[in-house]
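In the part that follows, the structures are each spelled out as structure tokens.
What follows is chain A paired twice: with chain B in the first complex and chain C in the second.
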Partner chain A sequence: MCIYEDQIGKFDWRQTYVGRIKFSQFDTVSTAKKLIVATEENVLAALHLKTGQIVWRHVFESASSGNIQLLHVSDKVVTVTGSNPYLVRGWDSSTGVLIWEWSLTLQDNDHAEFSEWWVQHGLLVHMLPIFNSHIEVTMYNLMSGQNRGATSKLPAPWVNEGCVLTPPYYTCVSGNMGEQRLLTVDVTSNAVQIINKPLFDYISLDVFDGNMRPLDANSALPGFIIDEKKVLLIKNNDFEQLNIDIVGASVSATIIEGPSEQILLQAWDDKTMGFSLIAHSVSTGKEVPEIKCSDRDHRIPDPELAAVMCTKTAREQHACRILINGADDAIHFVQQAGRVLWTREESLANVVAVEFVDLPVSETDAAIESEFDQKEAAKMYSSIWAAFTRRLQSQFQQLQTLLHGLQHADRAVASSNTNDLVRDYFNLHKVIVLVTEVGKIIGMDNLSGEVLWRRYEPSLSTASLAVFTRRTARHPPLDAYLTIVGTHEETGNGLIISLNPISGELVGERSLQLDGRLLQCAMLHRADEEKLHGLVVLYEDETIQVFPVSSAPLVEDMYMYVAEPETAYVRGYALRYDGKEARAQAIWSLRLGGAGPGSPGHRIVHAAARARLERTHSPGRALADRSVLYKYNNPNLVLFLTEGPDPVHKEVVRAVAVDVASGAVAAAGSHRRARAAPHHQAVHADHCLAYLYRSEKHRRFEIASMELYEGKERWLPAGAAFSSFASERAPAVERQAYIVPAAVTAAAVTVTERSLTDRHVLLALSTGAVVEVPWAFLDPRRPLAPTAEQREEGLLPYAPELPLPADAVLNYNRTLHRVRALHTHPAGIESTSLVLATGLDLFYTRVAPSKTFDLLKDDFDYHLISIVLVALVVASYGTKHFASRKMLKMAWK
Partner chain B sequence: MKHLQAFVLSLLLQFAACIDYDGWMNIKIQHSINCGGEKYCARGTISLQSLRAGTPIIEQMQFNEQHINELNELAAVNGFYTIRSLVTTADTKESEFLSSVKAKTFLDNGLSDVINAWVLPNGAVIAVSFQVNNSSQTRLPRNVGSVNKITSNFYLRQVEPAAVPDTASYIQKLEREREAREKGELKDNRSFLAKYWMYIVPIAIFVMLSGATNPETPAQPAR
Partner chain C sequence: MSSVEDEAGNSRYVIEGRVFPPENQVLSNWQVETRIHVNGGEYIGFIKEDGSFAVHNVPTGSHVVEVVHPDYMYEPVRVEINSKGKYRARRVNYIQTSQVIQVPYPLRMKALSKFRYFQIREQWRLTDFLFNPMVIMMILPLLLIMVLPKMMNDPETKEDLKQITNLAKMSEMPEMSEVITNLFSGGATAKASNSKAKQIKKRQ
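Presenting the complex of A and B:
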């Protein structure tokens, strides 16, 4: 399970992320310049300026107590986190070490969420606007939290929700339509001075829709954009209108303190020109020629200036470093001329779906395969001669590629990796397609973790999502085909995105918005002539649609289930093609929360089905007395976990295993005084089920396991296919529960090509470890006092606590924060299963549950064995030679 | 049939142990064949006086020729015979459950089905499912025109409390082992050979080796 020190990073990689940037500032004080960022994921981190890598990182609580309210970088990094009570902390900017901390609780909890914070002259300013009434301002000593004076209240009945803060000024538009006035106040000054001007001195429009936003990226001058047209600055107790036009509505603008003058910087994404940047001098209004860019090939959706720093080079040129935050959560660090220094794909901190995709075979392999493809062979080579010439040709081709490879062996290493995207011998090399919460679809090389392609779909809402590999790359010359089914952000209707997972290009249906809301979607079992599996979607009005339409006749023996999480109502449909179109018929329904309105509040937390690639290797389990305990192998079984209140036992978790084709319940159990785990934590493989829950009685995590058996006799003759509609017998259920001595955040089970290998359960812990637990430890048949027979069978004696040894940690010392899901996929060799952990970080590795029995050891000494082999050959010929000479001599005697 | 009865009995015994609530239950069974325009019409009722006792009273109609013909039509297209159950219990209003069996298997099995009703510990029903057993036993050929009786086996099944980590008996086991250790060595009931083979084998080998080499040494010098 564990690896040697020199194997670190050999088959695994970890990528660390921080999430979508909320605040960012340059740290210009310390010697090694850094970017300090605070994010929506409640992470405070320092990024290296040259590479963009994380120098240090603090991951706060993911609940609201970890929300970052303020980031201020001076000689120290200051953060305000939480939501009443707040924690004010100072961090050393070079090491990230906590220096001081004090807490603050506001009396007025109702309005606390409108709090504004900033740092001014070494004091922490807290401002609380009470709408239509007044503003409360309190200042604290930054280091100690001592209150400088009592809270001052500024009477301001003109304060409303649309006000903007440009520290220390607080600006509002107030008054009736048509005679609105622009009011602003410096909330920190001792003498209250309100600037009050008619709004229409600044904008010529008759109608003002209240659109006002402050300048981005810690603007050097307090100012705001009004009506997306004009920039107003607050200077010398008056508003000053800049005579520079704002380029468009979605422009991000800021004023920076340049080396000689103040510069207004604007960034936007132009439809035709791509990412654009422009700068003007604030005082003269002239364009700054060096800071300008429009890059047609570089697109950043809704760019936002996050942090800007400008210096002057020796030749009196501006040298700027600009951090840009896109709507797709990617951050780009660009130079003044638009050259991108580095990019961080922060959307990967929120992965919602993962699919492993096989790579296509190389061209020469494809040629060989097509040669031996029987159908094609029968078509093409009617005579022996044709086959012979074909054979010679392909062998010549192979020779050519070999020679070519030898010639360019040195160059091939440096060549682009798109050529290398071919299947390797063990099929360990795959493309991982990740769908992220913002709607960004990313293709990643699983061996290096490098992003191969990315595609941003702003209209894709990822709340419920399904990914299907509808055609693998196994069918050259046809390309692989992957479909993502989600909902449209605005209409809530279904949205289908089909793409080639190797290149990221849209194919087939491309991006297709459906006409209705979806209930369920599935892939057809049978492929059409182009080896493409049809996609079936079920609309809310119980009609179905098949993509492509030509696949509709293939809808046969299809079953779907629809589970409503909030009501725990599950129903099943049978799909059938009636000669004209495919139809859905509701055939069963269940109420997992209990019938009627009498038991409300029960909801489905998770539905765990078998992995699509899972196979069943053996129909039974051999017992010590040489008899077989036959498994209940129902491929349609789904485990539903529900959670809800109970009048007697406070809260209960129920696990119900349902055959989703016929709607029959196979097994059920309820846990009293328990709550379901927050994430999806149930695994289901073969006849084994396991799920995690939190025991409220003992305040600990427990894992319950179930195994379903037919018994010592088979229900069906060997080799007969299981049918959900022809089995009325309920399986025997073995159950057991174990204590997990840790908090578990995600669970998965290993999958291998043919399921010959042992099955291990992977548990991601809140400590940042991913632990591998053999199923033998979770086996519900573990006896308390094993008999000799049970010992012979290999059952471990029962122990209530699940051992989590340190050497079972897959990610050794690489801590993974907030692992939300574990994904497994089989490799081409039987022993190995590929694992990807997603969460704030990404971690990829491979596991061999039964050791790598089909692979040579990693440090296998090829040289020694070839030397030994050569030496043996030489020795045998040498001795033969000497032996013949001896014989000759003997004969002469 | 006998083992089925035994099965029912064992199930009943289980309930008595783990149901925290008792009450009556009434299931109206409706099906979708020969309804004359309506979507569903009555097939029969199942009523239970007590969930704890679990003895059902099943009353079902007999199928006539029209029913059989419609079933045959469904079977011809491999269709489903859908049954709707309306469950009323002491404190829940009527709630609806759907279930289906393949019309063909239902006919092949001589109109016999198995009804499973799953009940929560608080008396609420989560599922009423109809299934047809796949017994290949050939029934008597059905002569058209005669009355066709539906045979249903009803099982009331309980959502049992799931297993919990069994710490108490594990601790007891540890205690017992500790006590046994304190009392003296665990009684070893292996045979003499099994216990001391590691001493016997080397001695035997030594004896064999010395016995084998000694007589041959004088025989060697001939060559």
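Presenting the complex of A and C:
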């Protein structure tokens, strides 16, 4: 269950992320230069300039109380977090230690969300614009929070939603259409001076749609872009128009303090030229030749200049470091000529779906497999001689690859490109396909954590998403086939993306927008001639479509369910092919909410079905009296966890196990004064169900477990497939609840190839640990006082609290922040299950719930066994020699 | 700083305390690695250079305060703030939730012990090595080969041995071993076994 200290990093890796960059600034004061970033994920971190690795990191609350409103880097790092009340904190930039903090509560809670913050002359400035009325400005001592002079109110009826802040100036366009005026005010100066100019002095258009945005990346001069065409600077109480044209509409521009002059820097993604960068001198308007790049091969969607620092080298040249934030959440650290120093794939801080994909076998193995494939063999080698020559051929091929491998052994290790992505002997090597919230699909090598390919789909909305492996790589020469079903960002219609998970290239349907909104999607259980499983989608108007169309006749014995989370209304459909097309027919419905429509009922928090890959190979549990307790092994069972208000018990959590083919309820349970946990906190495997909830009465987390049994006699003859419609009997339910002495954020259960190995439940805790709990501890049959029989069976005596020992922590001291989901997948050997934890960080490892019984230990002493063997052989020959000599001597006597 | 922060009617409070680093341990930057979680991360506090912490904007009620460090274990504390703003800190007991064992407030959090995440690898010891079945397999035949002939030279033991072998032969034990030696040694020792066989024949 636990590892040795020298096994750190042997089977596991962790990748730490910060999330999409919201604010970033260079720390130039401390000796080791760093990049300080604050992110949308409420993380404050320092990144190493050379490698991009995290030097230190602070993770704030994930709720709005952790939102970062301001990042200011001088000799100290200052942050403002929260949303009324706010917390102002000062951090040491080199170590990350907290220096001071103070809390600030605004009286005016209604307008607080429009607050603006900045630091000026060692004072924290808070500005609150009240639209069409006035601006409130308050300054605080940065260290102590003492109010330096009370709030000052500037009357400004011209303030509206479209105003931009370029500290300390606040600029608005006001007035009727056609005679708009541009107004700006330095909100911190004692003497109020409003600059008021007609807008059309600066733009020649007749119509202005109010498009105005400030310069990015902590611009050295206060300025803004107006109508995506002109840059206006605020200088000497006046507007100054730069005579440099803005290249295009979606350009990110900033003014930087260069070594000798101020430079206007622009970055954009050109359709043909790729990522482009251009720089002009602010004073002369001339182009700066050194800072320029256009890289056809480097594409950054909607690049945004996040932070720029320029120095001059000895040879009078500009040396710039530019941090670029892409729309795909990746950040790139680029030199002035466009050379990328490092990239961080920050979209991985927000993974929404994970799929493990098997790798294809190597070419030689594929050849051998096809040779022994019955159908193939019958087709091609009718005579015995053909088969024999084929055998010789493949043997020769094997020999060749062996020799080749010996020759290039060192080179093969060094280069790990897609060519090396072949299945290993134990099928431990896989590709993990991760779909991130921003719409980026990433293929990752599970052993190294290296990103193999990435694909950005801006139109993919990931609010509800399903991933299907429609063809595994087991069928050479056919490639693996993976389909992602989501919704289109703009239309809300279904969107299907099909790709080869090994290479990341689009295949089959490619990227296909459907004509309607989707209710449900599923994969056909029977594959077509090309070994491809068809995809069935159910539209809102209850019609279905099958991809590819030729698979429609394969729709047979298909059932689907649709659950509405808010009303807890579940419907079941039967899918049939009537000779022309496949149709869906509603066959059952269930109101899990309890109340009728309109009144506040329950809502579904989570639905837990079995893992698609789970195959159960043990029909029951052997009891001490040598009889068998048969499991209720229903593959159609789904556990619905609902939560809702209750007039007597405040709130109630209900768990209902529903057979989603027939609509029958197999088991149910309810917990009073309890709240369901927000994330994936119900697990379902085989006949075991477990779910977590928070007991408000006892103020603790509890885990309830259920096991379903048929009884001591089988309902069906051995080997018969389970049918939801043939069994009218309800299973016997064993249930129990245990206290979890920690806050759980995600739960999963280990999956193995044949489900013969013990089952362990994995719990991710808020402390950052992932703990492995054997199912034996959650077993609902744990007796209070075990009898001799129960002890013989191996049941543990009941204990209310679940032990969470440190040696059961999978990730040891590698803390994982905000684990949102745990994903498990079987390996090729029965003992091992692969685990990936996603959240702010990624962590991959493999677990062996019943120890690695089918694998030699990794510390197996190969040397000792070979020494012993050699020594034994030598000794036996030696003794033989001595014995013969002795015989000879004896004979002479 | 006042401990009460009024916010639109309902009061918000500050939970204060101090974390003590594990003794006798010089940990660089332990302040950054240590976090204060209230109610499993609902409110998060950070530690200053001297180990003191304050979690701001906490409402009234019962809160579990945990000190989270990747390597050291701290005991959690339940802090209760009543509607009047009075604080009470007590030990967390998830089983008997009404049991009160008070602890001082402001909190003083001391490291209990180091987490033992890893199994300890067995040390290399001579006895372990010697009792390793493989090593025994190697050593024992060696002993038989080297020591037994030495013992044979001693006349007394020779007598004893003879007696033993005679006894053993009486019970017809060696036939089994003969079969095995025949199997393993093949032709080279065939002569020897032949002679032995003759001996047995004579006896019969």
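Everything below uses one rule, namely that the second predicted complex is superposed on the first by the 874 of 893 C-alpha atoms of A that agree within 3 Å, B and C clash if a C-alpha of one lies under 4 Å from a C-alpha of the other, contacts with A are read in each partner's own complex, and residues count from 1 in each chain.
The rule we apply is simple: contacts are C-beta pairs under 8 Å (C-beta built on N, C-alpha and C of every residue); 3 or more make two chains touch, one makes a residue touch a chain.
Note that the coordinates shown come from a computational prediction; the quantities given were computed from them, not determined experimentally.
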Check the residue A:172 against both partner chains and state whether it touches chain B (first), chain C (second), both, or neither.
-> neither
Examine A:739 and indicate which partner it touches, taking first as chain B and second as chain C; both and neither are also allowed.
-> both
Which holds for A:608: it touches chain B only (first), chain C only (second), both, or neither?
-> neither
After superposition on the shared chain, which partner residues are touched by A:62: those of chain B (first), chain C (second), both, or neither?
-> second
Touching A:800 in the superposition: chain B (first), chain C (second), both, neither?
-> both
Kindly classify A:497 by the partners it touches after superposition: chain B alone (first), chain C alone (second), both, or neither?
-> neither
Answer with first, second, both or neither: which of chain B and chain C does A:89 touch in the superposed model?
-> second
Hey, what residues of chain A end up touching chain B and chain C alike?
-> 739, 800-801
The chain A residues in contact with chain C across the complex are 2-6, 56, 58-63, 65-66, 82, 84-85, 87, 89, 95-103, 105, 107, 109, 145, 698-700, 739, 741-743, 745, 766-768, 800-801, 806-807, 809, 812-815, 818, 859, 864-865, 868, 871-872, 875, 879-880, 882-884, 887
In the complex of these two chains, what residues of chain C are touching chain A?
-> 1, 5-8, 12, 14, 29, 31-32, 35, 37, 39-44, 46-49, 54, 56-57, 62, 64, 66, 68, 70-71, 73, 92, 94-95, 97, 115-121, 132, 134-135, 137-138, 141-142, 145, 185, 188-189, 191-192
Report the residues of chain B in contact with chain A in the complex, numbered from low to high.
-> 20, 80, 82, 87, 89, 91-102, 105, 113-114, 116, 118, 120-122, 124-127, 129, 131-134, 157, 159-167, 169-170, 173
Chain A residues touching chain B in their complex are 571, 574, 585-599, 646-648, 654-656, 658, 662-665, 668-672, 695, 702, 704, 716, 723, 725-730, 735-739, 780, 784-785, 798-801
